[in-house]
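Note that chain A is present in both complexes that follow, paired respectively with chain B and with chain C.
Here is the complex of A and B:
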């Protein structure tokens, strides 16, 4: 009866267990390897990379590659470093995440608590939009952004990310609110509470877990986006595009240490978010994607 | 009377309010998703070059597209990439999930290590692997320095093998995420079923093959849908890792569409390749979403 309290009822022998631990550790090394390589080589002088060993610890520790990646490295034609692009990304991500999450919350509320004829169709059409290959909208989007005078600007990128983000945020909030007892909403209605009041006073206070998921999902996707940034960024390119320009530049010596420092800079915000709130993210992502 | 009509107006407003609030999202979706899809489909039947033009050319772009060697390369590459990527990610994800589910000490440490690549941009992943696989400074160089003089690993510079480096980097990025999906599925299985089978004398192997894996069907389906979607969209990773090269050896539909539309000024052909990408994804997604939404009712 000892097995009752255990995670799984399957029991394994000693040899099998050693094998299992070995495989798990090997894969942990596999996943950590690129991070180790990036980290260790971003604090080495360039000569130690080209002449030395990529896996070895630095003989001379230096933060110069980080300083260069941040403020002086050649991005495209300008020696500006990644700093201005990092700011572009922040200016783009914060409003885009906030708007798409709020709109998604309202949509989810309506699609579960104020149902109407054809609401499944409305939701289905919005849901499918999450899964289109964005190549299909690139050309008309370029035309429309040009007509609106938003091409190559941060507001243009915010618009694009909100438009193609609300499908996912609506999905998350809809699935979450579906489990909330509708009787409570009806009771509040009988007491005279209106549409926004019910949302504000009853649903929003319990939306914490799913709001975390929506914000992290949107933040990661928008921060990491490359296709829209490269197509519509113009002079307001986000971090990913700048990093790619830095790494692919064909002029001069390839400064691998600066590239690695730049790559870590581009990864830091999402890694930070993931480390702080990753647990909720995975839990919610499972609820959202496995259940549909 | 005035009071009652004001009340009347308020209730009418309350009835309409939800639809009014939802309307902008729906309108935006109709315009920016479905309107744009129709526009791109329309463009694929026109002689658009650098800018959209409205001269109808019928199926000419599609005929040209399928006659292009670069498109053939892209199709072959996406077939190799997608099948290997989906199969390997699923296999590694399932294996790691089953192993982690054996009351492993340190599971709390291992899980985030497996998962963190998912938080990175494909551009970051591509940069890391690009230099790690570079024969001049990366793995080959390291092995030779460690004394294995004849060690050779030049896949990333080899037109026949470069596509497999993309598979490697993509598997590195997503297999941990697939693991999490399977782990969630495993944790949802009722232990009583497993115990009953054990009492009936089933071995561990039989237990997993006959009972657990069939019960994970929904997780397999979700993994397949998400991975195939990621595979067809793959653009950033190719750009960062190989830039479509060496030569055009790692061209994919996504990179093909971009270069024909925006750098080669063949917008009609670019649009027709985008339409084919959409049709491929729709063939996978529509039945899946339809089944999911019907079930929910």
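Here is the complex of A and C:
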């Protein structure tokens, strides 16, 4: 893998190289600009923003907007800050990511190694579910959640995201496991390992890269979801909905610095997941495409 | 009743029958080789013995116990796969003891078994490595070690040498043979390489299109092939098959063939019963090594027949020289000593060992039994 990363197809002269780096640097700066604006404005008093230059560094550095966004800002009618919603999001995203990834891995395992009559149809339908827009499932989902008594709760949101995510996670794991030699499964069967033992001892230990892909994908999607949160969140709304309520509130002055701080708070967990797991991400997506 | 009994076993996928009424009995410490061309059902049969494929009809019994409904792990068999199928995340040692662990064997015992087998196969210095860090030959040994550790009743091998290069394949072949002679284990071994089949086996089952064509010792298979398929599949270069007419002269049946110039020649058969075929067409089968120069002819044979014919091609192959000629309109290959002086275009005096010749019924392609 390392060798592949270093291997460049064309060799370049020094001048072209400097030029390439310059262009890349420019693009990087351009993409980082919004983050810069958010960052510096979140540590300024409000007066500096309304009265001055958005791009300038703060004259007075303050963490008050962060504190406010976290624990005292007005969200809707309650002055709770984003803290309880952040907690809701965590309580929702962790089990939802875990469950959908595990179910996806099991599905992939079964669809490739314990094939049954009509399995391609099952997989086809799951694949189809990846293409269903969110909006279409809103009403049926509301009915189901109501019937299950899960409407407006964190478990309800977990269910929604798990159901919606399984199509994707199954796709990832199925394609990954399809390249896994079936003879290994047979060898393990002869060795006396059962269904779950084979999964646990043989398959999962080599599933790292694709598990990372699944986790990143699910985490960012579920964390950033607004529609399901707003529709089914009820009293346990996730971070995204709260952020919207914070920013869109029509009463009082618009506290831009608090809004910026809140927006960064909302983006931090996905950023964290990308940085921690990101280097496996590309590896996982590429897995199977190049034999190594 | 044998050690491993395959009784009237068939296999169907949907309504396609890929194995038809297979009957094979394997005795204890036998080395049975299943050989045949690609797609003939060797792996399918092996997988049914292993319990990896369901048996559509018939019975398989190991040590007298019918195992049709016994799970693969409870049949007390071990299998070596073509791809070796080593668990990539485990070390060599863990790979070899995984089966014992799954069967609840306590750790000290596992360690002891591992040490014994690793020593036997000379892989004791590799036990802490991962399969990815091994060469092909070493992986092959580990795969065999994993099977040996279990001390099973029957070993199943599915083309275990086909992923190795030619030299290593010959070495490992010898090693497997030695191992079998030392341990006297019962082995069913699948290959499509007829040389592997001949050298390793105590008995061979030649398969084609889902049928067992012939079951017998290597010598039986080679000398008295049941039909033209077996005759031409086993042996390299393949047995020469040429049309001939049976004529009886002096009370003895002869094969009448035509030489390169179209002149009729008579080759006396050793099988007296072929007189019953007088005047009829047969297919004459002669192995290349049964056609030689007179000095190279088998001295023990009681039926060496001289045959003068024109040589069309010679192919020196180091140890032997292959000579091609035309008989009854077919290309026929003769195997000469390397120092026999034969030139293309030359009219040469050959010696045919008719004791080794076989005759086939052209309709059924079955050998005409003596």
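Keep in mind that, in the parts below, the second predicted complex is superposed on the first by the 259 of 292 C-alpha atoms of A that agree within 3 Å, B and C clash if a C-alpha of one lies under 4 Å from a C-alpha of the other, contacts with A are read in each partner's own complex, and residues count from 1 in each chain.
In the analysis below, a residue touches a chain if its C-beta (ideal position, glycine included) is under 8 Å from a C-beta of that chain, and two chains touch if they have at least 3 such contacts.
Note that the coordinates shown come from a computational prediction; the quantities given were computed from them, not determined experimentally.
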Looking at A:27 after the superposition, I want to know if it touches chain B, chain C, both of them or none. Which is it: first, second, both, neither? first
Identify the partner contact of A:210: answer first if only chain B is touched, second if only chain C is, both if each is, neither if none is. neither
State whether A:122 touches chain B only (first), chain C only (second), both chains, or neither. first
Figure out whether A:134 sits in contact with chain B (first) or chain C (second), or with both, or with neither. first
Chain C versus chain B, contacts on chain A by residue: B
Which partner does A:93 contact after superposing on A: first (chain B), second (chain C), both, neither? neither
Just chain B (first), just chain C (second), both, or neither: which does A:158 touch? neither
Touch list for chain C against partner chain A, complex: 47, 50-52, 71-74, 77-79, 81-83, 85-89, 98-99, 102-103, 146
Enumerate the contact residues on chain B facing chain A in the complex. 14, 17-19, 21-22, 24-26, 28-30, 32-37, 39-40, 43, 52, 92, 95-96, 99-104, 110, 112-125, 127-132, 136-139, 141-142, 145-146, 172, 176, 180-181, 184-187, 191, 194-195, 198, 204, 207-208, 218-219, 222, 226, 229, 232-233, 235-236, 239-240, 243, 253-254, 257-258, 261-262, 267, 270-271, 273-275, 277-278, 281, 285-286, 288-290, 292-293, 296-297
Quick one: which bits of chain A touch chain C in the complex? Just the residue numbers, please. 181, 183-184, 186-193, 197, 201-202, 205-206
Chain B touches which residues of chain A in the complex? 3, 6-10, 12, 17, 20-21, 23-24, 27-28, 30-35, 37-38, 41, 49-50, 52-55, 103, 106-107, 110-111, 114, 116, 120, 122-129, 131-141, 143-144, 163-164, 166-167, 170, 194-196, 220, 223-227, 231, 240, 243-244, 247-248, 256, 259-260, 262-264, 266-267, 270-271, 273-275, 278, 282, 285-286, 289-290, 292
